[in-house]
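Below you'll find the structure I mean.
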Amino acid sequence: MTKEELKITLTGLLPAATFEESGQWLNVKVSSSEWFNSAGLLRNQNTLQFDFLFCETCVDWKTRLTMVYFLRSTVLGHELVVKVDLDRDNPEIESVASIWRTAEFNEREVYEMFGVKFLNHPDLRLLILPDGWEGRNPLRKDFEDPVNMVKL
Amino acid sequence: MWSLNEIVKSTDLKLNELFKPGMVFFIEAIIVALLAISLFAILGLVLVLMERKVSSFMQVRLGPNRVGPKGMFQTVADTIKLIVKEGMTPDNADRFLFHLAPFLVMIVAMILLAPLPFANGFQIWDINIGVLFVSAVSSVSVIGILMAGWSSNNKYSLLGAMRSGAQIVSYELSAGFSILAIVILSGSLTFSDIIQSQANGWWLFKGHIPALIAFVIFIIAATAETNRAPFDMAEAESELTAGFHTEYSGMKFALFFLAEYVNVFIVCAIGATLFLGGWMPLHFGDNTTFNHVMDYIPGIVWFFGKTFFLIFIMMWFRWTFPRLRIDQLLNLEWKYLLPISLINLLLVTVVAISGWHF
Amino acid sequence: MFLIKYIKEVFGAVKSLAIGMRRTLSYFVRPKEIITQQYPDERPVIAERFRGEVVLMHDENNEHACTGCTACELACPNGTIKIVTKFDTTPEGKKKKALDTFVYRLEMCTMCNLCVEACPTSAIKMDTAYEHSVFDRNKLTKKLNNEGSKIRSGVE
Amino acid sequence: MYSTTEIVKQSTAEGEMVINIGPQHPATHGVLHFVITLNGETIKKVEPHLGYIHRSIEKMCESLSYRQFVYVTSRMDYLSSHINNHACCLVTEQALQIELPARALVIRVLMDELTRLASHMLWWASMAMDIGALTPFFHAFREREMITDIFEDTCGTRLTMNYMVPGGVLMDLHPDFQKKVHAFINQFKTKLPEYDELVTDNIIFQNRTKGIGYLSRESAISYGCTGPVARASGVSCDVRKHFPYAIYDKLDFKEIIDTGCDSWARYKVRMQEMRQSLHIIEQLIDNIPEGDFQAKTKAVLKPPKGEFYSKVETARGELGVYIVSEGATTPYRIKFRSPGFSNLSALEHMAVGGKIGDFVAVMGSIDLVIPDIDR
C-alpha cells in the first residue's frame, strides 16, 4: 500500500490518530493510552498485517519522550512509523511484547536507557547496564557521568 | 645380532650370581619401574610434539618451531612451565579426592603397561590372562576422571565427568568384543601366544573381513575410551571449557595430560599387538626371502612403528572430525557398534571353527 | 528392507568421513601448502596505504607544511591531536600564527584518516609503521614536529 | 545483568542446576554471558546477560559530526565494517540528497560483498570450531587473509576500515585491486569444494545441526530476526532485494531462502550466500566505471531538520540507522537497529529443550558478533 492508501485505511481504524507525511514513511501519532489496542489492530487487521516490528526506540525531546515504533508487513511489504508521546517525568506505556516478541528485548533496552516503564512487560529488568543503574538513564539528554564520559 | 631378550636374560643371570633371590626381585622391580617411568616421560614429550606437528601440518601451518631444532624441545619447555606453575585448589573442593585423582589416572596407565610385549621376551609380566587384564584395568581410569569431576566443585567438571562415565562404560563393550574376535582366532588370552600365532601373517590380513571390521571397531572404541576427539565429550572445549580438568593447573593438569597420551599409546599398542602382530615382523606365508629380510629389522622397531602408525590414525581423526553430541555418541555405540560387533563375533567364530583363516 | 537401509546408512557415514580424512591427509603430505609467516624473521609486506600512525612530513631542510590551523584537531573524533600554536614575527614585522608543538596521542588514535583528509596543506600523512608496542604508555604521546623545524616558505 | 548473589538466589526446581556460559567461554566468541538452567544436559532456560562491551555508541555519536560518526560504526559489527559504514553514509546522503558518482557506487558494492564473504568465512570457521572441528578454522583464514590483504591495499586497514565517507569513498581503488580480486576468486572457487568436503558433507556435522534450533517462520518474524537466520526460516527479507540501495537493483543475484528452519538450514543459506556474493563480485569486477570516487560535498555537513532511516543488509541481517536531525552539525539522536540484537533474542526460543552441545551449535549458526549486540 502506498502512503496515501495507508493513511485512508488508518484514519478509519484509528480516529484519534494524527498523521504526518513529510518523511520517508507515513508517521502516525497515537496517545499512550490507545497504543496497545492500536498495535493489536495494526498487527491483526487483514489489510495491514504489520507483523514485523523491525525497530523500536525512544527519543528524548528534553520536554517529553517519544516512543518510535517502525513496523513492516512481510506479507504486504508496506512500512509505517508509529510515535507515542510520553510524559518525561513519569513515562509509562503498555508493553507490546505479547504482540511482537522482539519488543521484549528492545523494551528492556529502552527501559534502562530512557527509564520508560513498560506495563505488563514479562521481564522488565536491566539488560545491558550492570546492577545499580536503575534510575540513571544514559541516553537521556540531561545524563551526566563525569567518570565515564569524556567530553571533547 | 643383539636382542633385548638376551640382554634381559644375561642381566637376570648376573644379578642372581651377585645377590640373593629376594634381593634380585627387588632390584629388578626398581629397574623396571625406572624404565617404565622414563618411557612415560619420553612418550609424553614425543606424543605431545607429534600431536602438535600433525595438527599443524593438517591445518596448513608450521607448528612449534622456536625451541630447539624444528621445535623439538617445545614440550620440554612446556613441561618446565607446568612444573613451575602454581597448583591451585578451588574452595570447597574435596581436597583428598581432588589431589588423588590425577595420580589414580596415572597409576592405571602404568599398570596397563605390565603385560605389553615390546619385543620378543621383553615384557614386564607375561600374565596368562593378559587380554582380560588389560580390558579390566583400563576401565578403572574412569574412576579417576569421575573423582576429578566430582571433587572439583565445578559444574563443568561434573558434567564432563558424567559424560565420560557414560561413554567409557558403553565403549568398553565394543572394545571388548573386538578384542574377543582376536582371542577366538588365536585361541589364547596371553599376549605372547597371540603374537606367536601371527608369525605367518597378521590377524588383520589372515582373519578376512571379520578381522577388518573388528579392527575398525577397535580403533573407534579406543578413540572413545581415551576421550579423544571426535569423542572428547569429557573435555568438549567449546561446550564445557575443559570438562573434568577445568580446575586443575600446574603439574596435576600435566599428569592428566600425560595420562591421556600414555593411554593413547597403550590402546594403540594393544591394537598393534592384537591386529598387527606386535613386534612380529611382516611375514607373507612361505615367501622365505622376503620374510628373512623383514626379520633383520628388530622387533622393537616393528612394535613402535605399528603403534605410532595407529597413534597417527587417531590424531588424524582428531584433526578432521567435529565432535559428536553426547546422545549421538551413545546411539553410535548401542545402535551401531554393539550390534555390528555382536554379528561380527559370530562371523569370527564361524571363521575360526571352520578354519577358514590362513 | 530395514537391514539394507541400515547398511546403506553405515556405509554413507563411513564414506563421508573418509572424504574428509582424505582432504586433511592431502594437506598433511604437502608441506608446501603451509602459509605460516614467521613474523620477526620474515617481515610482512605492508601495503603502501597502510595506516599505522600519523606523521608530520619534514623535508631535508627540516621544514614542514603545517600552518597550525587546527583543522586536524577539529576533524579528529577522539581528541588524538592537540595543536599548540605560537606567534612568529614575519620579516615584515607582522605577527603570524605558527605551529609550536604537534601533540599526537597514538594510544587514542583509531587510524580513521579524517585528519589527513582535513589538512588543507597536506602537511600530515599516514605512515606504515606498525610496531608500536612500548613498555610505558607515556611514550605513545608523541611530538610530531622535529626540534627546530619551521614552516616551509610559501605555504599558507 | 545480575550480580552473582542474585544468580545463586534464583530458585531452581528439583534436579535442575544453573550454569554460567560466559562471559569468558570458548563458544561465545566474545564476552557474552548466558545463565542456563539445566536438567541433566537438557536446557530448560536461557537468559542472556549483555553489556560487557557496551560502549554506548549511540550516545557517543550524539557528540560527533556526520563525518566523524562513520568510523565508530566500524567497531559495532567489526566483521562487516564496510557495510556498517555504508549504512551510515547512506543515511547522511539521504538527508542531504547527495548524488553519488557511478564509480563510488560500484566500489561500495564490491567492498560490501567482499566484506560479506570475509564475514561468512569467519562464521564458517568458527561454527566448525564450535561443533568441534578445529582444522577448518585455519583453512578459512587462509582465504580470508586474501580479502583482508585486498582491503589493506585499498583502504589502508584490515578490519575497521572507515573507507566509506558521505559522498563516496575515501580513496580510489588500488591499481592492483582487480588483479588481486581475480586471484582471490580463482583461489576461492577451488577451495569452496574443499570446505564442503571438510564440513558440509561430514556426517557428524550434519547430525549435529539437522533438526537443531528450530525457529518457525512465525517466530522468526515475531522475534524480529533478519538475515540468514530469518531466510533459513523461509522469510524473504533480503534488504538488497526488497529495498535496493547502491546498485543492487541492477545486479543479478538470488535471495537464498531455505525452509528447513534449523541450524543446518542456516548453515546452507550462508554457504549459498557466499556463492551469490562471489557471483556479484564477478559481475562487477571487470566493469568498474571510470570517474570520480567521491561526490563534491561541503566541508561541514548539516542535514535539514527531520528524521531519516536507512537500512542495509549486513552479513548478519538488516542494519538500520535512524537519525533525528535538528539541523545541527551533530545528530540529535541516533539509533542503530542491529541485526544481532534481535537474532539473539530468539536464541532462547531455539535452544530450550536441546542439549548443551546443541546450544553451542545454535549459537554458532546465528553468528553472533558481540559488539554488534551490545553496541
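Some observations on this one:
Order of writing sets the chain letters: A, B, C and D. Residues in each chain are counted from 1.
One rule holds in what follows: a residue touches a chain if its C-beta (ideal position, glycine included) is under 8 Å from a C-beta of that chain, and two chains touch if they have at least 3 such contacts.
The structure displayed is predicted, hence computed values, not measured ones.
Comparing mean CA positions across the assembly, the chain most remote from subunit D is B.
Here A-D and B-C were compared by C-beta pairs in contact; the pair with more is A-D. Distance between subunit A and subunit B, defined via averaged C-alpha coordinates, is recorded as 63 Å. Mean C-alpha positions place subunit C and subunit D at a centre distance of 24 Å. Spacing of subunit B relative to subunit C, judged by their CA centroids, is 51 angstrom. Multi-chain contact residues, meaning those touching two or more other chains, occur in subunit A at positions 152. Of all residues in subunit C, those that touch two or more other chains are 17, 20, 23-24, 35.
Residue positions of subunit B with contacts to 2 or more other chains are 58-61, 319-321. Residues of subunit B that touch subunit D in their complex: 55, 58-61, 155-156, 159, 163, 229-230, 232, 236-241, 319-328. Of all the residues in subunit C, the ones that touch subunit B in their complex are 10, 17, 20-21, 23-25, 27-28, 31, 33-36, 38.
By the touch criterion stated above, subunit D contacts subunit C in their complex at residues 64, 67-69, 71-72, 135, 142, 145, 149, 152-157, 160, 162, 165, 170-171, 174, 194, 197-199, 201-204. Per the touch definition, subunit D reaches subunit B in the complex via residues 17, 19, 25-27, 41, 128-135, 137-139, 142, 198-199, 202, 204-205, 207-208, 355-360.
Listing the residues of subunit A that touch subunit D in their complex gives 22-25, 51-55, 57, 59-60, 68, 70, 74, 77, 100-102, 104-106, 109, 126-131, 138-139, 143, 149, 151-152.
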